[in-house]
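Structures follow.
Common to both upcoming complexes is subunit A, partnered first by subunit B, then by subunit C.
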Partner chain A sequence: MTTALASLAVAQDRQGGPSPLALKAGAGIVLFALWEITVRALAPEYVARPSGIAKVFFSVLTDAGFLEVAAATLRAVVQGLAISVVAGTAVGLMMGRVSVVEHGLRYYVNSLFATPMVAILPLVTLWFGYSADTRLAVVVFASFFSLAINAADGARSVPPEFLEVARSFRARPLSTIFDVLLPSSLPYLLAGLRLAAGRALVGAVVAEFFVSIPGLGYYILYNSRAFKHNEAFVAVIVLVAAGVGFEASIKWLMRRYMPWSRRG
Partner chain B sequence: MKPRIEVRGAGIRFGALQVFRGIDLEVGEREVVAIVGPSGCGKTTLLRCINGLIPLTEGEITIEGEPLAAPREGVAMVFQHFGLFPWKTVFQNVAYGLRLAGASRAEIADKAQKFIDVVGLTGFENYYPYQISGGMQQRCGLARALSVAPRVLLMDEPFGAVDAQTREILQFELLSIWETRPTSMVFVTHAIDEAVLMGDRVLVLKGSPSAVHEVVDVQLPRPRNRATLLHPRFAELREHVWQTLMADARKAEFKVTQ
Partner chain C sequence: MPRRNWILYATMFASLALGAAAWELAGHLTSDAFWAPLSTTLKSLGEVVHNGVLLRQAASSFELYLAGLALAVVVGAPFGVLLARITWLRVALEDYIMMLYATPMVALIPFILSMMGFGFAPKVLVVFLFAVFPVLYNTVEGARSVRPELIEVAHSFRSGEWALWRDVMIPYTLPFAMTGIRQAIARGLVGMVAAEFFLSPSGLGQMIMMGSQNFDTASMLAAILIMVLLGVGLMDIGLYLEKRFAAWRGYNP
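Right after this comes the complex of A and B.
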């Protein structure tokens, strides 16, 4: 009886209230309107506002120079993440399974994970110069440790019965890594990758601010200083889209190829 | 003829805890031995020792005349926890042992499918373990062990985690699979019926540290099937093993209630 009433209430609520999509769109319109009104009323002409961004949006996105810098930033992020995924997974899995490595590295990896990458940026420029190498190094530094820590957690949490099965069937160490250790740690690795991707984007942009190499970060800095805030904001939108798109594609990959990971 | 499995004076000590000691056991080429005993008596540990997963602290195990140091080719285990990899499908799980044994792709496709059919999982090849029932998961674990054509099959409470109905079905299926290809089989169970129904001998472990209390020679006719359950000797043996195992348990309970 009560369940019937409850489900009726839910159904009514669903029918009565506005749909989630309408809510999202409505909230967006209110926010953009507030932004537009406030900037028009209080701020100088060059401050970014929705109508101004909309005006320049497509011309910026189709500008060859903009596409080039956007590609440079995203390429550095992807390259840096790729290096971190390979190296971080290898180091993390070893930390999780080999106690000598774990005891040796744990404090350093945890400390470096907590180190703000902005703080070491001046040092990195000394090592790699005012070049794209610095950006790549910062991206790797920003993303490596979250991957290593998550890989170590994943390797530690491999259920012992899976390793027992592998031993019983006389699996060689390499095959145990690929058949048991990696797949069992995969949900942890992907959680680490989501975290690392966000940090990598921040790292790339901050490095560009600091060392002035062509990229979205530098584009934002340059246009802000040239009072072209609307153009700068388009670059911000591209960065947000990259972050959200990456997150969404990882979620999609997990749903598509790891249906088992949602069931303990 | 030399027995396929020989256990001599086997003992295990975990630190200060002596789990069992002085266990002797011989299993012939076509013999089924059931191990029963109170929980904590080390029957699962003994089975793991025979698989080569845990080294003995005393005594020796030889398989096919060779001393055991690590898991051997020709010995396969069915685990109580099933031990299916959640990221592999039923087919991939069954193929796992074959693949590690170095079988060719065609051979894997052929044999894995054959044993999937034998255990009645046809049509579920592409399902993941979480999508199938506990009974089906255990069939999958059984198919994985059988597919490598083991000369020694070890089973740790193979039907312990499935419901009573499924358990009965699987018992008779396993018996008929064994009839078509008899091997040395050692299995641990806490179900006395199962031990008597399937075993040629029942090894009763008891005491602390536990040791072989009795070896019951079953001598029920083979092939064993549902009719075996009605055999007067079946009831007699079941009662005998029950008395042997439960005497202590009842004594302990009696003390508590007094």
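Right after this comes the complex of A and C.
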């Protein structure tokens, strides 16, 4: 009853004021205006500003060279994530269900998860050289451990009754894994994937900074050195769009197909 | 049951011993530029501990890290609680905060470099940018969970603004802010190393870099090992903080 009253009150409040959409749009205009004014007043000519970015936005986005580097970065992120999803899920499910594996690997997985991925860049570069393989390796390193940890959490949280039923029906081990374990820990896997995707994007960009291979990160580095900040910022926008798009699509997937799960 | 525990501890020790042995062996089997044995790594670690380089570089890193992190918490948490109180401002800004939370902040480092140069301030800015949005984002998420009834009740009892903050807003958003601070602790560390790598070399990042440039793999691995231990220690502190305040969430769904 009180909840209903309170939400009614909130609804009435909202009716009195401007709509949320107008508020959001207004805030966007104010933020961009502040950015534009600050840069015009204080910063040198080359610094990125909304009007400057708007001017170059479409020419950069339709430039074949830019599309190529954007595709290179995003492809590496997707490939790396795919490797991590398969390997991380396998390792994580084992850790969650087999206590010997759990106790054997726990320290390694947890401490490498906590390691800032940037720190291992020089080492990975020694191994894979100044090539796209380094980027892929960094993306895998950045994403693998969060997937493994979440898969382990998911496997641990599988209700024991499910496994008992599977045993009563003499389910084969493979079908227990694919029909019981995996679907039941799916929300955890998606939560892990959400975290991993953000880290993978960061991993790809730092790797490109470090080894100077064509990609969005290197595009930013190169253009900002050439004092073309507006062009460089378009690459940042693409990265943000990729990050937000991924985050939003996983949220949507979870709400659409797993409404019972409340994670994330 | 005790027998089972014993087996698990044995597994743990066996796995650590196996890891150490594999590390040592890999160092002997591969070229020096690829991987260094554990013994050489530990010797090189002993050297930097002994001659004070580690302490000096760690202090420099920590100064940067703490400055950026403290700034992020001091700015992020109060602003988040403010957004909890002022609904229209929260509605206006939350999507932008979410967007900045999802932005890979490393991408901004080249801009910061070319605008601000090599000093201490741009590096603090990098750590700050890495750390502030998790705090802000999670605090705002918490703000959405403050039930309007609580504020109604506080108003009915004629609570002043200060009492409302003290008894409702801060206790309700703090556990969420702590989740944000835990994430900020981890992200800030990434920011610290990135700043030390890509702005001007200093601190532990410089130690890793120097080792790799001199093909001194042992000292590079020693510095990375320190980084791993630092990461684990900081993550434990973050998890402790989060757990400590999690009880305040009460019967939150």
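As a working rule, the second predicted complex is superposed on the first by the 249 of 264 C-alpha atoms of A that agree within 3 Å, B and C clash if a C-alpha of one lies under 4 Å from a C-alpha of the other, contacts with A are read in each partner's own complex, and residues count from 1 in each chain.
Keep this in mind: a contact is a pair of C-beta atoms (placed from the backbone, for glycine too) under 8 Å apart; a residue touches a chain by one contact, two chains touch by 3 or more.
Keep in mind the model is a prediction, meaning the values are calculated, not measured.
In this overlay on subunit A, subunit B fits alongside subunit C without clashing. In the superposed model, A:Leu239 makes contact with subunit C only, not with subunit B.
More residues of subunit A are in touch with C than with the other of subunit B and subunit C. In the superposed model, the angle subtended at the C-alpha centre of subunit A by the C-alpha centres of subunit B and subunit C comes to 100 degrees, rounded to the nearest 10. When the two complexes are overlaid on their common chain A, residue A:Ala148 makes contact with neither subunit B nor subunit C.
Once the two complexes are laid over each other on the shared chain, residue contacts for A:Glu247 go to subunit C alone; subunit B is not touched. Contacts of A:Val138 after superposition on the shared chain: neither subunit B nor subunit C is touched. Judged by the touch definition given at the top, the superposed model places A:Leu193 against neither subunit B nor subunit C.
Residue contacts after overlaying the shared chain place A:Ile120 against subunit C, while subunit B stays out of touching range. When the two structures are aligned on the shared chain, A:Glu164 is found in touch with subunit B, with no touch to subunit C. Minimum Cα-Cα distance between subunit B and subunit C in the superposed model: 10 Å.
The contact surfaces that subunit B and subunit C form on subunit A in the two complexes do not overlap at any residue. Chain contact summary for the complex, subunit B toward subunit A: residues 51, 53, 70-73, 76-77, 79, 81, 83, 85-87, 96-97, 100-101, 128-130, 148.
Only residues 7-9, 11-12, 14-16, 19, 33-34, 87-88, 91-93, 95-96, 98-99, 102-111, 113-115, 147-149, 152, 186, 189-190, 192-194, 197-198, 204-205, 208-209, 211-212, 217, 220-221, 224, 227-229, 231-232, 234-235, 253 of subunit C touch subunit A when the two sit together in their complex.
Chain contact summary for the complex, subunit A toward subunit C: residues 2-3, 6-7, 9-10, 13, 17-18, 20, 23-24, 26-28, 31, 43-44, 47-48, 99-100, 103-108, 110-123, 125-127, 198, 201-202, 205-206, 209-210, 216-217, 220-221, 224-225, 227, 229, 232-233, 235-236, 239-240, 243-244, 247, 262. Put simply, subunit A touches subunit B in their complex at residues 161-162, 164-165, 167-172, 175, 179-180, 183-184, 186, 258-261, 263.
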